[in-house]
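Quick one: structure below, then a few questions.
Residue numbering begins at 1 within each chain, and the chains themselves are lettered A, B, C and D in the order written.
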Amino acid sequence: MTMIQDRPMAASANRETMTMATAVNRALGDAMADDDTVLVFGEDVGALGGVFRVTDGLTARFGERRCFDTPLAEAGIMGMAVGMAMNGMRPVVEMQFDAFAYPAFEQVVSHVAKMGNRTRGRVRMPIVIRIPYGGGIGGVEHHCDSSESYYVHTPGLLVVAPATPQDAYSLLRSAIRSPDPVVFLEPKKLYWAKGEVDTSLEVPIGAAHVIRAGTDATLIAYGTSVPIALAAADAAEEEGRSLQVVDLRSLTPYDDATVDAAVRSTGRAVVIAEAPGFASVSSEIAARVSERCFSWLEAPVRRVTGFDIPFAPPKLERYYLPDVDRVLDAVDTLNWDA
Amino acid sequence: MTMIQDRPMAASANRETMTMATAVNRALGDAMADDDTVLVFGEDVGALGGVFRVTDGLTARFGERRCFDTPLAEAGIMGMAVGMAMNGMRPVVEMQFDAFAYPAFEQVVSHVAKMGNRTRGRVRMPIVIRIPYGGGIGGVEHHCDSSESYYVHTPGLLVVAPATPQDAYSLLRSAIRSPDPVVFLEPKKLYWAKGEVDTSLEVPIGAAHVIRAGTDATLIAYGTSVPIALAAADAAEEEGRSLQVVDLRSLTPYDDATVDAAVRSTGRAVVIAEAPGFASVSSEIAARVSERCFSWLEAPVRRVTGFDIPFAPPKLERYYLPDVDRVLDAVDTLNWDA
Amino acid sequence: MTDFLPRDTPVQLVDTTGAFSADPVYPTPAPDALVDGYRSLVIGRRVNDQCNALVRQGRLAVYPSSHGQEACQVAAVRVLDADDWLFPTYRDTVAVMLKGVAPAEATLMLKGDWHGGYDPHVHNVAPQATPLATQLLHAVGFAHAAVLKGESTVVLAMCGDGATSEGDFHEALNFAAVFHLPVVFFVQNNGFAISVPLSRQTAAESLAHKAIGYGMPGERVDGNDLAALLSVLGAAVDRARSGGGPTLVEAHTYRMQAHTNADDDTRYRDGSEVRAWADRDPLLRLRTHLRREGLLTEESEASFTEAADSIAATLRDALNTDAQLDPDDLFRFVYATRTPQLEEQSALLDGELRRTGQEAQA
Amino acid sequence: MTDFLPRDTPVQLVDTTGAFSADPVYPTPAPDALVDGYRSLVIGRRVNDQCNALVRQGRLAVYPSSHGQEACQVAAVRVLDADDWLFPTYRDTVAVMLKGVAPAEATLMLKGDWHGGYDPHVHNVAPQATPLATQLLHAVGFAHAAVLKGESTVVLAMCGDGATSEGDFHEALNFAAVFHLPVVFFVQNNGFAISVPLSRQTAAESLAHKAIGYGMPGERVDGNDLAALLSVLGAAVDRARSGGGPTLVEAHTYRMQAHTNADDDTRYRDGSEVRAWADRDPLLRLRTHLRREGLLTEESEASFTEAADSIAATLRDALNTDAQLDPDDLFRFVYATRTPQLEEQSALLDGELRRTGQEAQA
């Protein structure tokens, strides 16, 4: 078994259309093939291939030693990952659903996030914590939380949330290669959305990008809210308004440069996120943009977020979830007479 | 044993100078005397009286049944509190230090915060979670976290952070009477600061107040950052600048009305908090103020917060902690030429 | 203290052929209790069948079936007095109904209308817990409060084999033992936690062996033998009520169907294993025994079927009706009093609904 | 499987009078090992004394003393090979030093300079864990990785009696047993978790009784008897190394001093209890035994004292020197590469320090 080294991705382009679930599966498989210190474990990731089939086939391909089921205990999984990372491994653990990661919270906050700092960089934690997150799938309680703010507020963690199969593939490869722990948030409702994936494409952690050009206002989105932002921009276009869309992709580190440039180019901004808004990632974005783009802003930064309530039951989730209309309503308030 | 009822506080004024630790102790004792469903439990709260002596004498006065030590398990303490609340009790639990509340996170987020909503209000959770929090005491790792943002971001919890013995007393009485769960954050570094306490004074949860008049800019603070804000205002006065100070006291619910009015009256604002700033309570405040006071603001809202790093070791904490100079520096940037 | 260890083999009173043998320690349930229990088994099986059908028809979002585990469901409820409390999991819908909760209320969460559908205080049933093992601590706190109030409530808390691996399981049993509380911990070991077999949850000889580590008795029982379950759980409830503290009971049973309708159990287990367990079916076995003893007549069987039919019909009716849901409920129960922020947010939603004319249809 | 249960009384080889009796199961440690162990006891006691003094002088922020538990500290290290790993708690500073960590590095965290002071990979010692029981899981993961790599590392993980109540304790033992890992779980049962006595942590006959619930052997040993500790822990290490899986060992010992200097133990325990335990002191007892056996000479005793003096002097020197601390270290290690946000924040601090001329003094 060799120790991990950062290595460039294979140069040969390999484009294929696939779902995000398949893209994550592919990234796991490719990373395991490249580096035999990469291990995948969690609840039901082995024979079953995960409740979303994201780890399908990995045990068959790499054996029980590389991809395996654990006893049903999230703190146990996370704490075991810490010890494995101390001993040269790169664990990729799966938390079955967002809310089922909470039992592991203390291991995440007190150890995964802090071990590198505690040991002055002598013991890094190259751990990836995969969390299928968010709603929009008609899931019952505890299966639809957008829990990113807890992680983003915790120094020492990197946090990413892809919105496309391509980013899911490339960011997961980057996450697995990262010497620092990465909370990898997979938008459940986008698992089955298809897109083209070039497995040779590298996407570094920390790089937002403008995914739709526009001149009148900037929509800032990530993960689950990206398709909403795009749809809103399409709808606005019909009404003659040109909306720019930024997909953050990474929440930590946050890409101030890209976001600031985008907002300054339009002078108006709306942040879209599914999580409850209070003291959240979207608060941070709104606060930063308000501060850093102060003299460019024609209107206050608006937020379209989940309400500050527990995630809605299936039959009511459509009232909870940010949608195109709510985004357009927010855009309408952006002081267009200025 | 009677069931709890909201009852007015005794009208007889009773003023006395005491430390915040004593004020909390007094509030616990008075609440237990008034209502025999109030129970106090946790680690070392019995014979020892708590590592900060905040529960001193309660077991002697009310017996082992009302104030008692539990096995050493925070999730256990929290989960037991949930069951007790279901069965008519008003548990006041102590988490020994901020970071040692993390093992209870899942019970807090998935049950304490959500049980009332889940049961359509049929089962409320009148639980108070006391957490000595924050730094400034030269404490080692895990003993100095400002963890309020995790709780404030969680719908279903009320969160308060007193800065004076009076507010500690009165808010704790309110918290214990509340039908909803309250995370009660006690600033460790202020435990031994003295102040006058009138035990007949009621302070409702959710009410911020202006604790220092000022016309040039508004400092927004809570808990550990309140004395810093006051000291900064004093220092600024000497330099001829009049700073207003708002003590939030409650983080959830947040008192928009008081804060907005204050900021609009000065047109400038600085938020001060000890916690890492990213995706935190202070982000929320900055975002809200920026949005709601947009046309009143002469300058971007500034934040003076802890850095986005794990809390500093004792010998370096003075570099980490917000202080008067850092606040004054921030005030200096508030576009005074406007 | 080694008497805290369970037996080497699970307690059994009625074997898979329906033959009865008395136990030296555990009493034999009265014939009435068995007949009544059989009636509940028939109802429980029918509830499982009906709910599975309702999932297929799209009327329930999801249903974790207890098919094959009905004897556990029935026994968990039958050993309790009306004042006693049950702390069930998501899989224990049959037990919830048998404790008195109306079918429509018991399935409301699975229907997707709300996070829970019944008032816990009406029939003394805690909300069905989804986060594994968390409810065991609630049961402990509930029992602790009962003791402090001088009430003689016994609390029976259920969980699965997988849930025993969670830290909360440990903390709950330990708290119950240290405070000597009237709690019966009832583990339905059905062999799987979704796809993960028992061998991945424990290396111990049995889950009941954990009891001695907390200083409480542990026992194993055949989870498909209603008579044995009534007897063993009944003894644990008696011990709890008489101040003897908590007990851990492990029932050996089997999840005959997939974890939920969303699961595909062919990926992780052999059909032959499932078929082998069919021979140990809790209904068949008790029926054979009761008929052999002359305790079951054609008429009584017919009346049981009728009772089951009627509950199934109630279930169908309840689930085929679309409730009028009020979106404002989203804000109504988060706190006893809405915060100013929730006032603003509900006003926002309300405005949207008015503008789009949805408030009527909602 | 009942052979997984511990004995009714803790294993003891040398009693409180220094008298030796062989054990039918556990081997007698070689005389050399005992003499060498005694030397370490003397050093350990001296380290405890010196650190307490340094706290009084304000040179250490806090010190959780292992006075009275030195036999456990020594044994935990002596049974390990150099390649084996130790996972200690905040109270195990003596063990950390005995495993090879320099006194200045071992006390750097307690001094307040940084969150940890040594490189775990130099002497195979994990960072001393403060959040209780969390490190047991790290030990399990470390051992699991070792097995996957085909290495024969044994991991010894320490915790206190109080920590056994945490969920992480349960999950760690269970994972170790299920994956059959080479981990020795070593509980120093010193009777208290700060003020809370053992009776509030467990109702079980012993903490070692928990082992059978995980399917691993449990044993109890006199924690003030170095000979017995070496023997029992040594057997557990041997079992682990030879593929026999994990073991739980509970040492019965006593915390002779307050929890830390910040604690006041007169509030929760009787001086008489403390005095009674003084008679079972691990040093006295082994010294008597060794002298009786003629294994300890005046010269060797003098040389041990000298070795202890020298370490104490090193400690004093290290702690009386104020290190040059660099405030920018606050930003340096959070991530392998600073985020743009941390770049900005460290620039802010840097600017402040420059302006106030502090960067020189810092």
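By definition in this document, contacts are C-beta pairs under 8 Å (C-beta built on N, C-alpha and C of every residue); 3 or more make two chains touch, one makes a residue touch a chain.
Predicted, not measured: the structure shown is a model, and the values here were computed from it.
Of the two interfaces, B-C and B-D, the higher number of touching C-beta pairs belongs to B-C.
Taking the mean of C-alpha positions as each chain's centre, the chain lying farthest from the centre of chain B is C. The geometric centre of chain C is 44 Å away from that of chain D, both derived from CA atoms.
Distance from the chain A centre to the chain D centre is 40 Å, each centre being the mean of its Cα atoms.
Look at where the CA atoms of chain B average out and do the same for chain D: the two points lie 36 Å apart. Under the contact definition stated at the top, the residues of chain A that touch 2 or more other chains are 70-71, 73, 75-76, 99, 102-103, 106, 110, 114, 117-118, 141-142, 155-156, 252, 254, 278, 307-310. Annotation for chain C: residues 114-115, 131, 165-168, 170-171, 174, 178, 200-202, 329, 334, 339, 341 touch two or more other chains.
Touching chain C in their complex are the following residues of chain B: 1, 39, 65, 70-71, 73, 75-76, 78-89, 91, 103, 106-107, 110-111, 114-124, 155-156, 158, 178-180, 206, 252-257. Across the complex, chain C meets chain A through its residues 61-62, 109-115, 130-132, 162-163, 165-168, 193-196, 200-202, 262-264, 267-268, 325, 327, 329-331, 334, 339, 341-342, 345, 349, 352-353, 356, 362. Across the interface of their complex, chain A is touched by residues 75, 99, 102-103, 105-106, 109-110, 113-114, 117-118, 141-142, 149-150, 152-153, 155-156, 252, 254, 276, 278-284, 286-288, 290-292, 294, 299-303, 307-310 of chain B.
Residues of chain A touching chain C in their complex: 43-44, 46-49, 51, 69-76, 99-100, 102-103, 138, 140-142, 278, 307-310, 312-316, 319-320, 325-326, 329.
Across the complex, chain D meets chain A through its residues 114-116, 119-121, 126-127, 131, 134, 136-146, 148-150, 167-168, 171-172, 174-175, 178, 329, 332-336, 339-341.
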